[in-house]
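Dropping the structure in here first, questions after.
Think of it as A, B and C in the order they're written, each chain with its own count starting at 1.
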Amino acid sequence: MLQALFYKEWIKTRWFLAIAFLISIGISIYSMMIFKHAMDMKGIAHIWVMMLTRKVTLVHLITYVPIAIGLCLGVVQFVPEMYKKSIKLSLHLPFDINRSIAIMLLWGAVCLAICFQANFLIVWNVLHPHLPSELLAQSLSTIYPSYIAGFFIYFMTATIVLEPTWKWRLGYIIISALGLHLFLLSQTPFAYNKFTWGLMLITIIITTFSWRSIYRFKVGCQD
Amino acid sequence: MKKVSQISLIGMIALLLIWQLPWIYQFIFAHPQQSAMRFMLFSPITYEFTYPDRGANDKLVGKDLAGHIYSANQLDSVLPLFYNRQLADRNAFPDSIMGKPINLKEIQEGRFMFRNFPEDTNGPIAPLYMLLESAPKRLDFELPKDMFRCTTNGLEFITMQNNQIDLAKSTLFTQALKDVGCSFPIIHLHNIPNLRKRYDNGFLLVDRQHQLFHMQMTHNKPVCHRIDLPKDVLANQVFVTEFDSRKHYGFFTDTTNKMYVIDAPSYQIHPLDIPEFNPSTQEIMIIGNPYMWTIRIEDDRGTTFYGLDGSDYHQYRKKEYIYHNKPFMGLHFTSSNDGYVYPHWN
Amino acid sequence: MTAIIKCTNLTHKYGKRVIYENLSFEVPQGRILGLLGKNGTGKTTTINILSGFLKPQSGECSIFGHDLHSMPAALRANIGLLIEGHIQYQFMTIEQIEKFYSQCYPNQWKRDAYYDLMSKLKVAPKQRISRMSCGQRSQVALGLILAQDPELLVLDDFSLGLDPGYRRLFVDYLRDYAKSENKTVFLTSHIIQDMERLIDDCIIMDYGSILLQQPVNKLLDQIRSYQIDTNCSHAVQALSLDKDFFHPSYLSGKIEWYSFLSQEAIVSRLQSLEIPYTNIQTTRVNLEDAFIGLTGKY
């Protein structure tokens, strides 16, 4: 069962994943090239001072990339399922529906994790020889919320696309906008240190919304 | 799973409503605090809080809390230290203030402004610090070669060029502090990491026993002093100042929120005659000169102005403004008191 | 004969509009049953209920003895579903979709049945389904169902968008398969000529209820089209009141209607209603005419 479902998700998303992976590592490579260039031009000491006094993070370009990838993956993965209600095919398969949906979402989450991990590893590998742990944490503390936001927007996009009625889609869009706003309240380094657990909890909670959309589809809710 | 998703949805909607509805209500219906007074200075001439305002025909006038209204020229004379340039331009600067003869150069060097916001105290920072050479060879400050962090056992200097710990320097400075009685870890420290300043006062530090220390680096060597505190005074938050007058090392508050100034170079400390100042929850602005200090302390409750003597810091007057419009109750995720994002109920 | 599908007292509404109330029917094993009805009589509603994509407001529906909404997931392997429009995963090719479904039905998959049918299509194995014509997609859908080899086939409007050639191919393949393997088929279509070639039994739905359920050959044996010459135009109203006269209509001196009664019985009724006429004509009809006769023209 797992093999079949993963195969389907792979067919749907493979080209997008390749592009997303390239963009993910591309943007981090580009950010690090800017860092390296600044280091060559001004010296590493200048960068330390800028980071300390001006709270420069070196990774501001990355902020919205995880969110964009999460949103696009949700669209690429679930819009084909809802095209002419093809989701009926998936729901008719001889698999437990709850597990089927879980596997589809798990696929997306794992793909996002791979993209974000690649992005993170490039940043960490380039920065950690040159920066002390405090300044490294300063940089990375601004992209953790973005990664979690990427997962958040992916799960909400799945929910919105799977929802059969426009009334509730609009409701979910509002929830997504407000929820995403929560992730972007501050770009200050370390701002989310006290609430990372909260962002993760909210993201875990909203994963269940997709099941609600599917249940509503199954009982025939419509506009 | 169906029940779980329903409960999750209700929970999420409830959270967003609790967050957004009060904000929307306040956005639509809030009006400005009517009692907010942003700027007043205590006059060393009239011993009244005086402020500039706009009179008829939008002309600049001065007003004080006793009800007097001054013309622009009169306002200059009532606040001579603030409007010293305007008075000097008209050759109207007084010879003496408060019975003391005036030295214009001393006035200009002696004026200062100090501000601290709760966010400065509570806000998230990378716990890394820059110790400048206090006596640079060519007078201009140079970028240091290292930064230091506070560990449980002392200070650890990290060379910026290679991101390696400078063990020798770390040991040197840690021992210098221990020699003056410092008990690590340091719980609070402060400096002004600006290369464009005129001089450097180094760091003020508070150790785990709430004792107060001063640290500078002169010719690459540590210069550390323990600042003697009165009995039962436990230092809490510290603020280095580098005013042109060079008369102070900075301010500090103790664990009971009493505020003190530290004289330079004697390290004598003087309490400021204000009831309390909590840097975690209150904003402070001090506009000072050798004769008079005006202190404004603001928090959610209101704004209080104090007029203090510039020599012995005793209080002449105080004026309190209480806010009538209470902030709307609701769930907030940001706070002006710190830079963190986390849920709290206002 | 055991009933593979059993629906009892189904009631469903869309808002205030009642689709049907207390609808009950059974589909015996090994029979091909066609659901006929005008637009809006609830055919797709019934299919959606049977496929588990619509919950009726009341009533029970079971397949293989299990309630639809609590059916074990593995049992769905025995139900072949054709969605209206021959919808399949647009993003897959012929090869990919076969590979996918073979992994979903590993114990029963008949790869040869699928590729046999695919060989008749003029498409490359790597052609995506989204780039196929409606007819080609219908063959892919049929091939997948044949390969799945389910006990029950539920086909929603299997002829939608197909030209006569593809429709004939679909019907012939399906009947041959269903009869040789003793499969049960429940289907709907708007092309009644195709239904006539394919189905054993029919359910004709009218607004709000089932008009009749019986074997097609029995229906066509019994139902007749009748026509009389008469100048008595008000006779139509009198005939309309008699439930054995279906949709009488008057045109140019003739009254036409459909009925299950024999000619002798018709003559007797006309006499009792005192309707003057000449020249009564009786005609055997095909399924399409029977359907129109029973449900009326728009």
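Everything that follows uses one rule, which is that a residue touches a chain if its C-beta (ideal position, glycine included) is under 8 Å from a C-beta of that chain, and two chains touch if they have at least 3 such contacts.
These numbers come from a predicted model, not from an experiment.
Enquirer: Suppose subunit A is absent; how do the other chains partition by contact?
Expert: Leaving out subunit A in thought, the network of contacts falls apart into B | C.
Enquirer: Measuring from CA centroids, which chain ends up nearest the centre of the complete protein set?
Expert: A
Enquirer: Round to the nearest whole Å and give the separation of the Cα centres of subunit A and subunit C.
Expert: Roughly 47 Å separates the two chain centres.
Enquirer: Please tell me the distance, in whole Å, between the geometric centres of subunit A and subunit B computed from their C-alpha atoms.
Expert: Whole-Å distance between the two chain centres: 41.
Enquirer: Taking each chain's centre as its mean C-alpha position, how far apart are subunit B and subunit C in Å?
Expert: The separation of the two C-alpha centroids amounts to 84 Å.
Enquirer: Which part of subunit B faces subunit A closely enough to touch in the complex?
Expert: Touching subunit A: residues 1-2, 4-6, 8-9, 11-13, 15-16, 19-20, 123-128, 130, 143-145, 147, 149, 158, 160-161, 163, 193-194, 333-334, 339-343 of subunit B.
Enquirer: In their complex, what parts of subunit C are in touch with subunit A?
Expert: 48, 51-55, 73-77, 79, 81, 83, 85, 87-92, 96, 99-101, 103-105
Enquirer: Write out the stretch or stretches of subunit A touching subunit B in their complex.
Expert: Subunit A reaches subunit B through residues 43-46, 48-49, 51-53, 98, 129-132, 134-135, 137-138, 175, 178-179, 182, 185-186, 188-195, 198, 202, 205-206, 208-212, 215.
Enquirer: Taking the touch rule as given, give the residues of subunit A at its contact with subunit C in the complex, in rising order.
Expert: 1, 3-4, 7-8, 11-12, 80, 83-86, 88-89, 91-97, 217-220
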